[in-house]
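First chain written, first letter: the chains are A, B, C and D, and each begins at residue 1.
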Amino acid sequence: MLHFECDYTRGCHPEIMRRLAETNMLSTTGYGEDEFCSSARAKIRAAVGNDNAAVWFCVGGTQTNATVISALLKPWEGVISATTGHVNGHEAGAIEHSGHKVITLEHENGKLSAKTLRAYLTGFYNDEAWRHIARPGMVYISFPTEYGTVYSQRELEEIHSVCREYAIPLFIDGARLGYGLCADGGDVTLESLAGECEVFYVGGTKVGALFGEAVVFTDKDLCPDFFTAMKQQGAVLAKGRLLGVQFDTLFTDGLYLRISQNAVDRAGELKKILRDKGYRFHIDSPTNQVFPIVSDEKLRKLKEKVNLSVWEPHPDGWVIRLCTDWATTEEEIKLIKEIL
Amino acid sequence: MLHFECDYTRGCHPEIMRRLAETNMLSTTGYGEDEFCSSARAKIRAAVGNDNAAVWFCVGGTQTNATVISALLKPWEGVISATTGHVNGHEAGAIEHSGHKVITLEHENGKLSAKTLRAYLTGFYNDEAWRHIARPGMVYISFPTEYGTVYSQRELEEIHSVCREYAIPLFIDGARLGYGLCADGGDVTLESLAGECEVFYVGGTKVGALFGEAVVFTDKDLCPDFFTAMKQQGAVLAKGRLLGVQFDTLFTDGLYLRISQNAVDRAGELKKILRDKGYRFHIDSPTNQVFPIVSDEKLRKLKEKVNLSVWEPHPDGWVIRLCTDWATTEEEIKLIKEIL
Amino acid sequence: MLHFECDYTRGCHPEIMRRLAETNMLSTTGYGEDEFCSSARAKIRAAVGNDNAAVWFCVGGTQTNATVISALLKPWEGVISATTGHVNGHEAGAIEHSGHKVITLEHENGKLSAKTLRAYLTGFYNDEAWRHIARPGMVYISFPTEYGTVYSQRELEEIHSVCREYAIPLFIDGARLGYGLCADGGDVTLESLAGECEVFYVGGTKVGALFGEAVVFTDKDLCPDFFTAMKQQGAVLAKGRLLGVQFDTLFTDGLYLRISQNAVDRAGELKKILRDKGYRFHIDSPTNQVFPIVSDEKLRKLKEKVNLSVWEPHPDGWVIRLCTDWATTEEEIKLIKEIL
Amino acid sequence: MLHFECDYTRGCHPEIMRRLAETNMLSTTGYGEDEFCSSARAKIRAAVGNDNAAVWFCVGGTQTNATVISALLKPWEGVISATTGHVNGHEAGAIEHSGHKVITLEHENGKLSAKTLRAYLTGFYNDEAWRHIARPGMVYISFPTEYGTVYSQRELEEIHSVCREYAIPLFIDGARLGYGLCADGGDVTLESLAGECEVFYVGGTKVGALFGEAVVFTDKDLCPDFFTAMKQQGAVLAKGRLLGVQFDTLFTDGLYLRISQNAVDRAGELKKILRDKGYRFHIDSPTNQVFPIVSDEKLRKLKEKVNLSVWEPHPDGWVIRLCTDWATTEEEIKLIKEIL
C-alpha cells in the first residue's frame, strides 16, 4: 500500500533518529531542563529573530492547543476559531473540557478573515447583553489551515491588527508550520509570522519529528508560569531531552525548512499529475495537502492500493485528501501516478 | 414607562407572596427537605402523571441547564442544541465551563427538527474520525423556543424517537413552559411533554414565581445523585422551602396554567393591535413573545415610553421583541396600543 | 420542636418581607441593574467606608465561594484553606469542579494562623519541585469560622501581611459575618475587616435575609468582569432587585448588626445556662454557635424536643451544635433551658 | 556526575532503540491502531492473564492519572488517595483541573490501609450531611508507592474488598510497576495485581522505555470510550506505533521484569553499602528507591559528584533519595560506593 492518508505515517527524519540513538544512554536532567532543550530553544529563538521569546516543548497538537488556550484565557472567555479550526472539530472537546467555549466564525477555504473577525467583535460589544455571553478572549488560526491554505503576510497583519485593537492575543496553530512556510507563492517567513502573533507553535509531529511541538510566546512575560500549565495538562515529558534533541536537529542547518520544501515539491508534482489527468480540485492548496474530486468507482479502485482520506461527499463523487510529507519520495509519486 | 422588555420584570403572583409572608417565621429543615417541597413535588408528579418522576428545585435557568447537562454527560460528550438555544448563546459559556461542548445545529424559527438531528447523528457515526470528536450525548431543546415558537406533540415524538434510537436523553428547557403549554394552536400538555423526554423543567422565574425552576426527571433512577450535583453547582437553596412554597402554590388549583394563559391572551391582543396597525412580524410566535418589525423612527419614539428588547436589525428597520407575562393587564395593552 | 440546628430555618426579617411585598408588583430592570440594588450597593460601600469597592449580589454561599475563587485564580492555582474551611469539606467539591485545588492547612479552633500560612508558603517555594505543584493563588478564611470562632484585627492584619508578601489575595467568607462582627470580645468592624482583605462577602442567608450574599471587592479593578463570572456560574438572579431590596433593608438603620447582636446575645444566655448546668464545651465560641458536650442519654432526650446538629463523637458522648439566629427569642431560650 | 536522582535520566533500553530505528521509515496507521500496538496489547493481555482486558497506551504518568480518573468519575465524585499519592502532591492540580477532588487519607510509609479506607467510607456515609460532600468514587494507590514501598497481595485483596463493598473502582498507579513486582520479599505478580483492581498501568517511562504507560482495564466494558477520553486529554500519540513498538519489546522474552530486577538488585547492593557504612534509613524500601539519612556536610560533599534528590529535612540532617534504574551498572554502584 502507498501511504498518502496523512503526514504522520512514518517515524522521524533519519538524522533525528541517529541523534536519539547516539544520546540514548546519556543521563540528563528531566522535564526540559537539559542542555539539548537549551540548545534547541536558542536555535528557535534565533530562527524567530526574537531574543525575548519563550520556547516550550509539548508532545502533541491537541495537548498544545488546550494548554496554550486555557493558560491564557479567563474562565468566562472563549477562543475564536474558524468553524473548520482543529480546536473546534477534531479534538474531542479538549478546549471545552478545559472550560472554554470555541466561538466559531465563518471561513473561506479554511481561513478566517480580518473582516469577519472585526464584524463579529463589533457586533459582540454592540449587543446590549454582551456581559451575559462568553467573552472573546483569543483568536486561533492555523497556518497552514486544515484545508492546506495559507494566509499572506498582509492577511496576518490585518487579523493581528484587529486582535490588538481588542487587546486579545492571536494564537497560530503551526502543526504543519513548515509546509505553510514553504507554500507555493507564500510570503510568510518564520520571523514574519512570529512578528504578527502572541503565541504560535512549530509543529514537529507532522514535519519530521517522532513527536513534539515547540510553543513560542513572542513575549516571555505573557505566560511566565507556562511550565506549570503544561504540567497540569500532562504535557511535560519526563525525558524532556527527547524533544530537545529533535528540535535541535530540526533547527540545525535549516533541516526543518528543507524537509518541509520536499513535501510541498512532491505535492506540486502530484497536483500536476492530477491536473494532467483531468481531475478537478475541491480547494487549491499550495502546501502538502491535495484535494482532488474522484468518482465513486475511482475511489473504490484507489483504496485498493493507496491509503487516503475521504474528505466529504461531492456531487461528482467524493473529495479526497492526499498528503505528502517531509519524506515522500519521487518514487512514491511515480507509483501513485500509475494508479491515479 | 411600560414594561414589555421581558417576562421577569415584576415580583411574584400575589398568592405566592401571601403564602411566603404567611409562612415566613416558621422554622423548617433546609435544602428542600421540608414539607412544602414534599407537597410541591407530589403535586408536580400528579400534574405530570408520573409517580416515578423525581422533582428537584433550582433557583435559575442557567444554573439548571448547567447542572442537568453536566450531571448526565460523560466528560467527552457534548449537548446538541439549535444555534439559537439559550445554552449556546446566552449563558456566558456555563456549559463549556462545566467541560462540555455545545454542538450546534441549524434551526427553523428556533426549532430543531428531527430530520436535522438524524442527519447530524448519522453523519457523525459515518465519519471515520468519530472517536476523535466530541460525542453527542444529549439533545437540548426549549419549549417554547427562544423565538416563542412551540413544537407540536408530533414533532416532540419524532425528536424523542431519534434520541432513543441513539440512546441519548432529551432535555427540554421549560423556562417559559407555561406559555408554551398555552400556545395558540398548540397540542402539547404537561403530561404529553413529560412523556417525550428524559428530563425537563417547569420554569417559575418567568411564570409567576419570584424565582425557581422545577426539574423533573421522568425516571427517578436516571440521576439519583442529582442533589449532590446541584450542591456542587451552588444550586441548592439553603431555605429550600421558599421554592416549595412557590411551586406548591403554582400547582394548586391550576394557577400555573391559568396565569400562563393570561400572558398568551394578552399577547394575542397585542398581535391583533399590531396587525391592525399594519405592522409585519419577523416570526409568528403563538406564545407570549411578539416580534414586530418597526422603523428607525418608530423605535426611537417607542423607547421613550416602553421598555422593549431590540432583537436584530431588519432591512426595514428593526425587529423588536415585546413580551407579555402572567400579570400583564388589559389596561397595559390599552396603554401600549395608544403608543404603537 | 425547638429549632436550634442552624441559623437558616426561618424566612427573613419581617421588615424585609414587608418591603418585598410592598415592591412586589413593580416592574424593574433585571440582573441587579435596578435602583434597589444601586441603593444597597451605595449603603454597603458607605458601611465599608470604601468608595472604590465593587459590590455584587449572589444567591448562596457555595455559589459565591466558587464564583469568587475561580474568577481570581489562574488554572494551575489553588486556594489555601484551613482543613475545616467550608470550601474544603462542605461544598460537594464545587471548587475542584471549577478546576482548582483546595490546599489545606492545619487550623486552631477553625482558624488559620499567619505562622502556619507563612511556613507553608516558605516551604512551597523552597521545594525544588514547586513548578510541578498546584500553586497557592489565594487564601480563604471564614469570619466567623465554621467553629464559631473569630480572628482578632491583629490576626487578620498578620494573615493579610503574609498574603501581600506573596502577592496573593485574601478572601474572607462572611456567610455569618454579622455574628462575627458582634462577637463577644471581638475587635473587628466591617470597615476594619474590609481594610484587611481583597474580597469578602456579607452573608444574608444566615443573617436575616431570605437568601443572598453581598460580595465586596475592596478594589473595583480587581475583577471588572465579575458579572460575567457570576453569569457563567448561574449566580445571576434574573429578578436581581430581590437581592437589592433585601440588602438595602439590612443596611438601613443598622438592621444588619442589630439583628446579628440578637443572635450573639441569645447564644450568650444559652452558654450561661449550659455552664450553670455543668456542661462543658468543645470550643469556646463567642458568636452564635454553641458546642456543648452531652452524654448519649442526654442527646437522645434532647432530640425528642430540639432540632440540633450532632457535630462529632466525644469520649464523654457527643459534641453537639446549638445555633441561635437573628430571630431567636428570649422565650425560645427559656424553653430550651427547661429541656437541657 | 553520577546520576541517582531519579529513574528517568537515560533514554531507553537498547533493544527498544534498535527496534525504533529499524521500523523508523515504515508507514503505519496512526493513533495506536497499528500492528505494533496490536501485538503489544496481545502480549500484555497474555502477561496479565486476562483476555477480557482492554489495553491503551498513554505518553506520561500525570496524563494517564488524569485521564483514567476523570473518565471513570461522575462530576461530584472525588478520588481517594494517600496524602503522599502522586495525584495529590505532584501533578500541579491535574485531577482538580479535570473537576475532581483528591480526598486524602493518612498513609503508613506511603501505603493506604484497608482499615483507614473502611473507616473513612463508614464515616462518610454516617455523616448526615454526606450528600453535601464530594463523593468518594474511586480509590487510587500506587504500586510501588512514592516511598518505594509495596503492598502485599493480602493487603491489595483487603483494599479491593473494601472497594467492592462500596462499589467503587480501585486504580493502581504503576508508574514504577516493574520495580514493585521485583521488590525484595514481595509476593505480588502482574497477574495477581491485575486480579485485584479495575484499572492499573504498566509504567514504561521509568522502566526502560523512552516514554509510555500501558493502561489496563481489567474489564474492557468498564470504559469503552477510553480512546475519546484520551483524545480529549491530549493523550493520544499521533504516531501511536512508537508506544506499540516499545511495549511490544518490553513484553517480549520477559524484558520488562528482567530490567526491573536489575534496578532492585543494584538498589540492594546500594543499601548494603550504606548499611555497612553506618547510614540509617528513613524508610525501608524494598524497590529501587533508597532513602538514607545524611548529615549537612555529607550532603554538600555528595552533591559535588552525585545528582540526587533531597527528600526532606531530618533531625540529623537530611533524608535523601537515591534511585537505581533498569540500566544502573555495577560499575556505577562501585563509583558511588567510593563517594558515600
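We take it that contacts are C-beta pairs under 8 Å (C-beta built on N, C-alpha and C of every residue); 3 or more make two chains touch, one makes a residue touch a chain.
Nothing here was measured: the structure is a model prediction, and the numbers come from that model.
When the contact pairs of A-B are matched by residue number against B-C, C-D or A-C, more than half turn up again in C-D. Should one ask which of B-D and A-D has more C-beta pairs in contact, the pair is A-D.
Centres computed as Cα averages put subunit B at a distance of 49 Å from subunit D. For this pair, subunit A with subunit D, the centres built from the Cα atoms lie 33 Å apart. For subunit C, the set of residues that touch two or more other chains comprises 75-76, 91-93, 97-99, 131-135, 228, 231-232, 236.
Note for the complex: subunit C touches subunit A at residues 31, 70-71, 74-76, 98-99, 131-135, 225, 227-229, 231-232, 236. Looking at the complex, you find that subunit B touches subunit A at residues 75-78, 89-93, 95-102, 128-129, 131-135, 310.
The touching residues of subunit A, counted against subunit D in their complex, run 3, 5-6, 8-12, 14, 17, 20-21, 23-30, 59-67, 91-94, 97-98, 205-206, 210-211, 228, 231-239, 242, 307, 327.
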